[in-house]
Amino acid sequence: MSIQDQWLRHVADLAKLAISPEDEETLIRDMGQILEFANRLSALDIPETPVTAHGRPIQNVLREDRPTPSFSQEDILANAPDQSGGCVRIPTVI
Amino acid sequence: MQPWKMPAHALKQLYLSREASVPEVVTGMFAHIKQTEPAVDAYLTLCEESAAAQAQAIQKRYDQGEDPGLLAGVPMAVKDNLCTRNIRTTCASRMLENFTPPYNAAAVEKILAEGAILLGKTNMDEFAMGSSTEYSYFKKTRNPWNPQRVPGGSSGGSAAAVAARTAVCALGSDTGGSVRQPASFCGVVGVKPTYGRFSRYGLIAYASSLDQVGVLSQDVEDCALLTKVLSGYDPRDTTSADEKTDDYLAGLNQSVRGLTLGIPKEYYREGIHPDVRKAVEDAIGQFQTLGAAVKEVSLPHTEDCLPVYYIIACAEASSNLGRYDGVQYGRRASGYRDLSDMILKSRSEGFGPEVQRRILLGTYVLSAGYYDAYYKKAQQVRTLLKQDFDEALSQCDCLLTPVSPVTAFAFGEKSGNPVEMYLTDIFTVSVNIAGLPALVVPGGQDASGMPCGIQLVGKPFGEAVLFKIAHAFEQSTPWHSLTPKEVAL
Amino acid sequence: MSGIAYETVIGLEVHVELSTLTKVFCGCPTEFGAEENTHCCPVCTGMPGALPVINKKAVEYAVLAGLATHCEINRYSKMDRKNYFYPDLPKAYQISQYDLPLCKSGFLEIETESGETKKIRLNRIHLEEDAGKLVHAPNHSGSLLDMNRCGVPLLEIVTEPDMRSAQEARSFLESIKKIMEYIQISDCKMEEGSMRCDVNLSVRPASSDALGIRTETKNLNSFRSITRVIESETARQVQLLEQGVPVVQATLHWDEDAGETSVLRLKEEAQDYRYFPDPDLAPIHVDDAWFAHIQSFLPELPEARRKRFIEQYKLPADAAALLTSDAALADYYEAAAETSQSNLTACHWITGELLRLLKEKEVTVSDSPIGPGALGQLIQFIDRGAISGSQAKEVFDIMASTGESPESIIRSRSLVQISDSGQLEEIAARVIQNNPKSVGDYLAGKEKAIGFLVGQMMKESKGKANPKLAGEILTRLMNPS
């Protein structure tokens, strides 16, 4: 297994995506191309530049500790693939 | 008379003067949709019954002498990544094929409160990831101007519906050009407002720091009208702006004499199709004729936009799309061994290849050991890109740029090489990175008669200036009044 | 056994649920014990399109916790996403704080077994959201997810590896609990899961300064399990070292029934959480004005209050510690002391009779059947000499069962003490006459004999004589100078 296969598997494992063997090669190629293209940023030496993590500069957007109505159990569970006794049912968690 | 073909502001006048009734318009619209949809396929879900009921209710209020709202009786389409209460909302993904939200997105609430009639939900690239609407799990939407061509994307369904007049106007969303590029490809007006101008509450997230709800319409006046309806602070969205909203209609029909348009020199580059270049040059000429000044400006980090965009958008997407795991909603695969296998299978079956590719890329750039080199670096360059725009916009009233280097391309033409596909987004993604408002207005046609828009980029919360400038251009050029011949209009 | 002495090194990560009314990112209630999935909305269940907005009070509580534990407050802080898949985490990320927690570098003082005071350093305190609850479905038909706890605000308090025994860990947790209750930001009920703890533990030869390889045991929710984990994990690691087998760094799960740990994951499988700033939430800037505002909510803390009780009320050290161990009890004392105007008698009655009563009735001091004002009045009667000590106990018991005021009890049951000197002189004269031996002893310089004579006066008066006055009168009559 090449390093590329390995990191692709590691990333796929983190992302909980199964990659079929036939897609693996294409994905490695495509992502390689995209990352190569992203590598142009490494040419910029800008250690002091602050980051922009938001769509616009904001701070302290807060709400008061005041209750608002919750949704009904029916609404909360309406899209659940499986439910039982007012809860979402899933395969057993070990 | 076919009033359902008219822009919202004109239709509204017909209602007020009793020359048309809402039920009659809505019935006419659905007849037109039935005739046109097979050729265009703009919609994923149609709401004929509820639309008819809404029409009756609104008409009743008109009959009682009320003005039921700014959009009362205007038939509208909504992109299928905006939550609609009790109406299926799929993001054009197999993952959400059967997802029915228990709530309305803020943008949907607002148009409904002003009396808009919801016609249905429009097709898009899955989770808004794409530029052609080819990445919909359900179907391909065709460009009403030529069924061999894509409508653009990701709001391709909304743009095609407005172009084909199967909706008077529509809501879309724009993360890297997803309203503006299809507006250009389909010959309609599209606006992506300043980040924070419209609430994102209920817009199913692709990349939270870039996503904005946008509007697609037949003309600038409708666009201004919808912007008026959708603007304003929403305490449910932390990133929503508590800034005063302008009367976006007030500046229409005013002269642009004395205004200055900036032309970013880095945008006139190789790879722009000559027809697109001509449209932009013609627009520059037209503005000069109208008395505006034109000035060259510089956006030095233009080349860095695309990597910055793809790193940030994919990183955020990889996290935003983690919630689709088959547990509480969405697709749950069958035939799994255990919980972990259920999650893996549900996600692998539920997401299409482009979405998976972006999730993988985003996961990679955030993973241990790569964060600083990719994600943090992209956020730093984002700061530089914003500074570029601040500097350029300090020298002019707005920027005038191409929307896409090309006009609507044929199906399958660009889906081979992802980088090549991404490159066509270069003029639009920079605007999302900087969080600025931008508007696309029809500006010409290519040699084959496909529409081509021009983009105006404004200062933060400077939408009113964009409407004023775009309206002057629109009213002095023929482009917005042209309609596709390919569909039965 | 090699005969080497080993030392256990413990660090804790304590999770404390904040007692805000609403969740940290939406307006759903945080109340415990509701029907499944009824305290939920699109935000806390991570529905597509929903967006979080920070609860201001949760931020203020976190800062308050930092101030109460000598932390430095990061004036500029932010929320980050911690990405991992687990079915109790609806968004597949937990909104938490990564590199800029609200509070850092604090400490708490605990008392060690030998009675010394020891500083336990805090690495950080940050704000995050709780996850949902998973329970087994009946008949092994899977697991059931209840999302009512999703989004309840949590503080994560991370210590440095400064504890050396289960007793110290327990003492630290009790101290945290006491402080959280004092500043009223959490009820810290372990049985309801509002306080939980992860134990990081390693062992090393007592002579060594280097840290051994540690394990982390997750999610312990009782003092008993924490003590058991520390004991069993210490024994396990010491045994490995004795056998020359290295300890493997791992995350462990504690099985309370089996009384043993099992491996959840090894270090090589360490999670890669892909933290990044949450673009949906604004950074938090605690500016000077806000900081001062939060500071104004900071009450006097247990340690300072204990010292003040000794100084201001002249209480013995152990009584001051007992009274300040609980904010409500300390408040009770101060109110009773004020009404009674007698600091020591109030202390005596509260640490004695009142605590006995509360224990007997199984109620907290806030639910005491006798309020501090009423107890203060009772003490006034005692100090004035209006009733005797044994009468006072009687009155106290009646107050506890009927809620009547001491005044009305004393009046209606004519429990008033004899303080009339004429009446007392008569009794005293009789007692002196009937007990010549004791009088002789007293006059010969045996001061203690007066006690016996007072006792006789009490007996004669059926307990109603004011003992203080009785003593004075006896002395006067026997010393007719």
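Letters A, B and C name the chains as they come in the text, with residue numbers starting at 1 for each one.
The definition used in the following text is that contacts are C-beta pairs under 8 Å (C-beta built on N, C-alpha and C of every residue); 3 or more make two chains touch, one makes a residue touch a chain.
Everything numeric here is computed off the predicted structure, so don't read it as measured data.
> If I rank A-B and B-C by number of C-beta contact pairs, which comes first?
A-B
> Going by the average position of its CA atoms, which chain sits the greatest distance from subunit B?
With centres defined by C-alpha atoms, farthest from subunit B sits C.
> Please tell me the distance, in whole Å, between the geometric centres of subunit A and subunit C computed from their C-alpha atoms.
It comes to 41 Å between the two C-alpha centres.
> What whole-number Å value describes the gap between the mean CA coordinates of subunit A and subunit B?
A distance of 23 Å separates the two centres.
> Please report how many Å separate the Cα centroid of subunit B from that of subunit C, as a whole number.
Roughly 57 Å separates the two chain centres.
> Considering subunit C alone, which of its residues make contact with at least two other chains?
Only 42, 45, 53-54, 85, 87, 143, 145, 147, 272, 274, 276, 279, 281-282 qualify.
> Which residues of subunit B are in contact with two or more other chains?
In subunit B, residues 99, 102-103, 208-209, 235, 238-239, 318, 322, 325, 327-329, 339, 343, 363, 367 touch at least two other chains, as defined above.
> Hey, what residues on subunit A touch two or more of the other chains?
Where subunit A meets two or more other chains at a single residue, that happens at 14, 16, 53-55, 58, 61, 63, 71, 76, 82, 88, 90-93.
> Using the touch rule from the top, collect the residues of subunit A that touch subunit C in their complex.
Counting only subunit A, the residues touching subunit C are 14, 16, 53-55, 58-73, 76-77, 82, 84-93.
> Hey, which residues of subunit C end up touching subunit A in the complex?
Listed in rising order, the residues of subunit C that touch subunit A are 20-22, 26-29, 35-42, 45, 53-59, 78, 85, 87, 134-137, 140-147, 272, 274, 276-277, 279, 281-285.
> List the residues on subunit B that touch subunit A in their complex, please.
Counting only subunit B, the residues touching subunit A are 98-100, 102-103, 194-196, 208-210, 212, 235, 238-239, 241, 303-304, 306-308, 310-311, 318, 322, 325-332, 336, 338-339, 342-345, 347-348, 351, 353, 356-357, 359-361, 363-365, 367, 373-374, 376-384, 386, 417-419, 422, 435, 460.
> What does subunit B use to touch subunit C in their complex?
So the residues of subunit B touching subunit C come out as 81-83, 89, 91, 96, 99, 101-103, 105, 200-205, 207-209, 235-239, 315-316, 318-319, 322-323, 325, 327-329, 339, 343, 363, 366-368, 371, 375.
> Can you check the complex and tell me which residues of subunit C touch subunit B?
42, 45-54, 81, 83, 85, 87, 90-93, 143, 145, 147, 272, 274-276, 279-282
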